[in-house]
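In the two complexes below, chain A is the common chain; its partner is chain B in one and chain C in the other.
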Partner chain A sequence: MAGIKLSAVKKIYPGAAEPAVKGVDLDIQDGEFVVLVGPSGCGKSTLLRMIAGLETVSDGEIAIGDKVVNQMEPAERDIAMVFQNYALYPHMSVRQNMSYGLKNRKMPKAEIARRIDEAAAVLEITPYLDRKPRALSGGQRQRVAMGRAIVRDPAAFLFDEPLSNLDAKLRLHMRGEIKQLHQRLKTTSVYVTHDQLEAMTLADRLVVLNHGRIEQVGRPLDLYRRPASTFVAGFLGAPAMNLIEAEVSGGALMLAGTALARGLQAEAGRVTAGIRPEALRLRPAPGGNFRLDYVEELGGSRIVHGHIGAQRIIAQTDLAQELSAEMHAELPLEELHLFHATEGHRLSMGVSQPAAADPQLVGA
Partner chain B sequence: MVENRPFLTFLAHAVLILGVAFVALPVWIAFVASTHDQSTFLSGSMPMWPGDNIWETYGTILGTGAPVPGAPPLTLMLKNSLVMALIITVGKIAISILSAFAIVYFRFPGRVLIFCLIFVTLMLPVEVRIMPTFKVVADLGMLNSYAGLSIPLIASATATFLFRQFFLTIPEELVEAARIDGAGPMKFFRDMVLPLSQTNIAALFVILFIYGWNQYLWPMLITTDEKFYTVVMGIKRMSDVADSDPQWNFVMGSAMLAMLPPVLVVIFMQRLFVKGLVEQEK
Partner chain C sequence: MQTKRTTFRSWWLPYLLVAPQLAITLVFFIWPAGQAVYQSFLREDPFGLSTTWVGLRNYIRLFDSAEYLASFETTVIFTVCTATLSMGLSLLLAVAVDRMIRTASVYTTLVVWPYAVAPAIAGILWWFMFNPSFGILTYVLEMVGYDWNHRLNGEDAMTLVVLASAWKQISYNFLFFVAGLQSIPMSLREAAAIDGAGPVKRFFTVVFPLLSPTTFFLLVVNINYTMFDTFSTIDASTAGGPGQATTILVYKVYEDGVKGLNLGSSAAQSVILMSIVIALTFIQFRFIERRVQY
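Right after this comes the complex of A and B.
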């Protein structure tokens, strides 16, 4: 077990107009579960593959534990990787798949057998040990792929979108299993995904990447509560945060002539306002600023689509909420996020906003 | 298509039966001819059922050889053909799988150029380069030897190309997983590429064995010693006699026997081939 330290890591593909990764610094603690998340093309997979040693590092330094690994082969880096397409060896049985890496490291047979039995028991794949991968379902293959990583007992696990080939239900289930597995093994893990929900639920620490740069690093709830830029704000949370063009004047957030929130201590001028759909307070009011367009039922709650002035806004309400064609929309000040209108970075509003609290377990 | 029309069924069967007859009838006639004696064949009317000369015909050609100058016993020629075809087949597969492996998995200067060169030689069959090849083989002193019979035919652009195409379908992630599992290039070749190519190897074995077995022009050119005659050229020699009628019963008998090994290869390899197809998953 070991931490991973990235210092000014860059990746420049020959012939590419701009670097795929533009100088990333990241310090991953021993035992931490870090999720790299971002839209496709943001460099998250490239970054992971550089840690794995499958891509060369153009500039900067990667250290696993206290060894700089830039020049090491993947096999020498003491990491194990779980691939999106499982990458199981199709002509080998599950047992052979899991033992292949250990055999190549000249581990004694008895030790290999012990580790495989142990990992198979944890992952509940013992009955399939002698089957070939093609006789397994997607979820079982994913378990085998994880088993292959676990038996290695590496310094770090690297996950490259491991759940994206599974159907929604299985994905949810495997997500839980990965979380439990990490709690049990406490092995440093780096996990790449483009699914913000997966990222939020799994991460100890979340790294949001955009265009080869880190946008923000932090605990998932901190990022959700205090996104550092419009990019992070729009990326985390479903339904996504409303990002609307508005104006601050006289300590109020003005939108289409009505005040959405009051009491701001921010500089007057144009801003981008970020409003979580669940933060918007609606009440039926004839002639109100919010015009209702249509409603989506989620079962436990509703998503209300409408507009204020010319800008589309969505709100998430509970079922008790009364709806009408014209409503009054308002926002508690502490739920408002302000961003620079053109640069997109977060603006201070002069109100203290509570940092995210850790989930409190009763009796823990 | 799920259709049940008696007429169509009848038509389909009729066409198939006709097709089988077209292919099988000449073989049947060849077999019948080999079971009669010389005179029956020359009398003008060809019998449709086997005669009683079968043991004599096959005994003669296998034992002492047909009573024609330059026709050694068939067992020797069959052996020569087999050795030649096997060396060509195994050699072709070994060389082409290795060169395809190099082209697909290694980045070296001139990689594309080399692949293009190999690809271009696809267009040059043995016949086109037969004079220079003969000269080289003769200068190396390989006339009248198994090496001379087989080595010039071993290089194969087709097989290299087929293996290359197959290797390109092996997912990149599999290669990366193997790298992380500590498999070097040759280990990867042995543990991944070879087992995964099983089906392709079986298919190529069939095709290349028949190619090697049917070689005619090349063995004809470079063998003057009866000890190295192959069965295909032997048949030609038997039917090509100068001053008398060819002894068709011996010729046809030889043809029947010459057909056997390729048939056996197809039957045996077909199983492996189908098994590979069924087991493979993509």
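Right after this comes the complex of A and C.
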């Protein structure tokens, strides 16, 4: 096991107008589960593939453990990778798929068999060991791909969107399994996904990428509670945070002539206000600032679509919430996020916002 | 709603439209094939004056004839050498192109050229280069101490026809191999690289097995090609000689029938060849049905 250290890593594809990765610094601790998340095309895969050695590093340095690996072949880096399409060898049985990497490394037969049996038991794929990949379901293939990585017992696991070919239910299930597996093996893992929910739930530490740059790094809840920019704010959370154009004046957040929140200690002027849908407090009030457009039922809660002035806003409410065509919307000050109106970075409001607390297990 | 079925206004129009194709097949394939089968049971004197029904005797005689069996052996050697050489080289070229597919279009065009060359021209081209008196390759060989003469030396002659035939077929094989390689997902090779397999091992344990449907298809096509389509290449370069050194089965059909006017025997040989083609085609179709076997 080992940590991974990226220093000013850049990638310029030949013939590309813009670098795909524009100088990334990241220090991944030994045993940490780091998720790289961002919209499609932001350079997540490129970054991961550079760590794996499948792409050359245009500039900067990548170290795994205490060795700089820039010039090393993928095989020498002691990493295992799980691909989006699983990349199982179709002409080999599950057992052969899992033993291929070990045989190439001249591991004794008995040890190979022991490791495969162990991994197969953990992943519950023992009954399929002699099948070819084409005779397996998507979820089973996914497990085999994980098994192939596990038996190697590498310094780090690299995952490139490993769940995106599965249906929603299976994705949820496998997400849980990956989390458990990491708790058990404690192997350093770098996981790429464009799915913010997957990212939030899996990560020890989340790295949000945008256009080849790191937008913010931190624990998932910290990022959720204190997004450093409108990009992170809009990317994390579903339904997404409302980002609306508003104005700070006289210590109040003014929107369409009404105050949405009071007691701000922020500079007056135009801002982008970030409001989580679940943070908005609504109460029926004739002539209120919030006009209801329509409601989506989620079963356990509702998503209320409406507008204040000309700007669309969504709120997430529980089922007990009374609704009417005109409502009064308000926001507790500590739930408000302010961002620079044009640059998009977070603005201080002089209000201390609580940092995320770790989940406490009672009796654990 | 549009249906797949096209309706013709007059009943005779569809027949008229397929008639040329049917006529060609009938006149140039079915009829001569039938003639050959019929003829293979007859013995006819060269002037066509007398014809006797001899049953299977033409066939029996063929399998007793040392010359015919030698021609069989020549064909096997020729086929194996040509197919191996041509497929091996084209696979090598295809792998090279596959590594740089974006910049490869010029290269691909060059490799595909020989396919556009008529077989007889290919024969003459190589015959020129290996001409014992003025061929450039003969000259080069002489400098390294080899006295090339395909007019006297049977092995030289065989080498010449193998080279000429293999060269012509490289383009075809190459295109199929490139397509086959492109259809193998990059991530498989990457997974193998991470799994500690070097480029050569990767090729033999992952790429080549996954290419086997293409390879098998090409093998059948190449056997067909070497057994039949190389006629003009051979005719233009060695004319089957020296002696019988490059007289493969098709060439013998021509020699015995057209030159030797031994029509019955020649017809029997054609029938044997025809059954070989049918067998090959059968194998190929059977295999293609199940080609996703890995």
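Definition applied: the second predicted complex is superposed on the first by the 364 of 364 C-alpha atoms of A that agree within 3 Å, B and C clash if a C-alpha of one lies under 4 Å from a C-alpha of the other, contacts with A are read in each partner's own complex, and residues count from 1 in each chain.
Here is the rule we use: a contact is a pair of C-beta atoms (placed from the backbone, for glycine too) under 8 Å apart; a residue touches a chain by one contact, two chains touch by 3 or more.
Bear in mind the structure is a predicted one, so any value in this text is a computation, not a measurement.
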Inquiry  = Once both complexes are superposed via chain A, do chain B and chain C end up clashing or fitting?
reply    = clash
Query = Regarding the shared-chain residue A:N104, is it in contact with chain B (first), chain C (second), both, or neither?
reply = both
Key: Touching partner for A:A80 - first (chain B), second (chain C), both, neither   = both
Message = On the A-aligned overlay, A:L54 touches which partner chain: chain B = first, chain C = second, or both, or neither?
response = both
Task = Show which residues of chain A both chain B and chain C reach, each in its own complex.
result = 52-54, 73-75, 79-81, 83-85, 87, 89-91, 100-101, 104-105, 132, 148
Query = Okay, in this complex, where on chain C does chain A touch?
reply = 185, 187-188, 190-198, 201, 205-206, 209-210, 294
Message = Taking the touch rule as given, give the residues of chain B at its contact with chain A in the complex, in rising order.
response = 171, 173-174, 176-183, 187, 191-192, 195-196, 198, 279-281
Task = Could you pull out which chain A residues touch chain C in their complex?
result = 52-54, 73-75, 79-81, 83-85, 87, 89-91, 100-101, 104-105, 132, 148, 152
Query = For chain A, which residues are in contact with chain B within the complex?
reply = 52-54, 73-75, 79-81, 83-85, 87-91, 100-101, 104-105, 132-134, 148
